[in-house]
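Note that the chains take the letters A, B, C and D in the order they are written out, and that residue 1 is the start of every chain.
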């Protein structure tokens, strides 16, 4: 499609949509789908038909994640944005009855509550608004217009300049400056260059990327296209976990539509820019989140990391210069190019710009997906947006960064959420899992849970990670069963330090973090375990 | 003539091992006299005394901790010893006695008491000590102060180590012995 | 390819080496000893054992000497309290991981792991031993594979894949469950790809791979053929 | 360049081998098609059997040990057939906090299966997942592709009793 055709198609779709007086948006993402949301959509359609309400009056539409998964299945109503919660197929008549008025009390979900009001939506701007399986919906929301402008009006250097100005940093966990990464790949000699999207979201308790792909797959694809143009890549891969069948299906649909409309393949938007994107399924290996392991996996090998340098930017997939970013990083790109790096840099803190998507889970009133500006405090996330821990329990810790992160106690809740602050607490930003624990959770048990995860996910190549995780797991078990001695505590601390310093890749280097933070903030629990053991 | 009061009290203990370390100890030959001049052997499989003394300065332990009896013994000995020395690979690293660990106790007993016998014998229940789930090196059970690896450590190594310990120093054994030496 | 000569400092000593040389190569040329385990001259590096980690001034992390290239003005420290502590722990972990019973091992006295323990002063293992139940494969006519003694250095995998070209060996499983395997994890003697060349046995640092008929302490390995062979076969890992 | 060895014949005249062959041919029968080929083999036949692995190795000219190494590296791949029903318990952090381990313990007590095992009667394979990404529904169990949200051990037991002996959907 040429830029004009993109504009034209978007225009037609917008006109079409403007004609409807009401749209019922039913979340059919993986959070609500198991709760019969597809059946709800069917019931709503049937009910509307039975009442003789045509599609031009009230359209029932399948959309992506509406955010508050814990209250799902969710239905949202346009144009007023009112929301219905815990909907069942049997509620269809009540919903249609209420079209002109407020939703009935038992279904009513207050959208003025902080959970919705305090979010800043960039990556999730279209989530829950557009039908993820329709290219037209994305176009009507302004999609691919930025790509067209970038390809026809900007040089690759200008694109990288804009990303650098935006201050965007990798959203997969590491926080490496995206602009710097892009310019390294752009400068690397060797062709063809390759671009990879890491959608192998592996942190347990994290589902940001799944949600983005299920809700707005074209945004990520557009981000990849812009990135490929900027670094000069012509081969693209999306490495996605096999455990996400719905995301895979929607991504496949989106790729097919993009190809059919000339947004992928040769001469994209009528320019000389070419990009093919292939989907590759991960097969359940957390370590494949590590760049070199992911590359090994796409190359058909065991997903074991190799020492860097050479970095993938110089020698990556099949030996070619390779850019790897994760889903959320790419999903930020279209907005940055649309509104400018300056605009993006205006959101967030000095060194952490823009927004971050978090998956809130655990002992918290509002379970779901949120997007917040960097710099917001943990307290605001947990107690304002998240609604605090459910009645009867007391907040104990918030875990960020999954198995590579740490548990942060109450006294640090006023810490702003940015890469450096979280790191200074011994945790990391991570990919966006945020698990809230109450006083019923034993922090040693939590540490051991993550250690078990790292132990079974260790690829086995280097001994500090392969055995260090096993030994730490064993020692933590001694604290839990009351057989730990003081020497075990010393050994545990030594191990943490050693595994962190000597492991080959990020998995091992960060595996001790949950132990280190619980030792730092919840030491009395370890001491009590020693005392209880009587040794 | 009475013994000088400063003579150190020395003990040796034999847990689950082949007694090779004790043989190597005896291989000190004439140097035993030199040791005897500075220490009194107050408890050992080599002497008659049956109960462990109230306090011993240096105890050399041969063998891994394999049975409930070993465990009881070594805990008692630790409480009544100033410097506890793991002597030889079995005490230091478990060595041959731990080769049964991957199999579990029952299959091992079955091999010895059922499969390879003409008449089945009753399982150990106390007079013959009951085996622990796994044989372990001494330091896995009680704190150990000095390690002398080797299978067995040579008489020279033992002599040097004991002499240093009697002189109140920690022996530096790296050049003299190793696992399996 | 004659590259530029770079100068750097290792343990305070001024040294020089060709561009593209690793810290380990330059150190060895200057008789500075850095302990290694998975490294064997003549094989591509794995960077897996972490024994050769060194401190490089200005680097945030410890770097493996075997794969880290020298740079002009680089300052390397190969020995420190911290490095010694980590190296010892690494060796302790390897001993705790499997059933290395030195006294009855075919390679007793000829073993790289044993030697490392001795030179690093590891006289006991603080970690809980794992005592895994592991197979001994004696199905091959000439060789034995004893997984109790394997340290997963991947030397056999590399020599078989890169030098012999048979790729009989690889690794199965992950984490602590990793095992080196022949073909589809079938008995070595039934392997269709194995050429019985025996290179894997010779490069194995411990008694995990040995020649049949050898008794305790009799299995000394012979590795001097390797750099020459690599060179003759056009490899560049010398 | 030396000519490549010929492609092997499929292990049997089962038509389904065509699916596996196609997945490899799509990527030029190159060694890098290995993971895709394993996915395809498992999707088609339910698990990775030895003839299948040999066929893949032969077609991609990949060493047997490399194929086996990759097949055993990834959680997703199974080398044994699964039971008639699959019960997957999510053990992601959200589900763990909400008692996923209790669910596993109770299933083991009742049916004598540990994770990655199949019950003696071949009815139920118990698996664990790292995270379904549906943490809002924790704890989550997936029984024969049906997602059970916010379940208790009693719920799981009722469902298992229901499907036992039934033909899966």
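As a convention for this text, a residue touches a chain if its C-beta (ideal position, glycine included) is under 8 Å from a C-beta of that chain, and two chains touch if they have at least 3 such contacts.
Bear in mind that the values here come from a model prediction, so they are computed numbers and not experimental data.
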Chains linked by the largest number of contacting C-beta pairs: A-D
Mean-CA-position distance for subunit C and subunit A (Å): 39
Centroid spacing, where centroids are CA-atom means, of subunit C and subunit D in whole angstrom: 35
Euclidean distance of C-alpha centroids - subunit A vs subunit B, Å: 58
Where subunit A and subunit D are represented by their mean Cα positions, the distance between them in whole Å: 25
Junction residues of subunit A - those touching two or more other chains: 285, 302, 459
Residues of subunit C touching at least two other chains: 126, 128, 171, 173-174
Which pairs of chains touch, using the document's own definition: A-C, A-D, B-C, C-D
Subunit A-facing residues of subunit C, complex: 45-50, 53, 61-62, 64, 67-69, 82, 85-86, 89-90, 93-94, 96-97, 126-128, 130, 151-152, 154, 171, 173-178
Footprint of subunit B on subunit C - complex, ascending: 95, 99-105, 108-109, 114-115, 117-119, 121, 123-126, 128-129, 131-134
Subunit D contact footprint on subunit A (complex, rising order): 30-31, 33-35, 69-70, 72, 201-207, 210-211, 242-244, 280-286, 297-304, 318, 359, 361-363, 367-368, 399, 402, 433, 435, 437, 441, 449-450, 453, 459
Residues of subunit C touching subunit D in the complex: 161, 166-174, 181-185, 192-193
Interfacial residue positions of subunit D with respect to subunit A in the complex: 30-36, 38-39, 60, 62, 66, 69-70, 73-77, 91-94, 96-98, 129-138, 140, 147-149
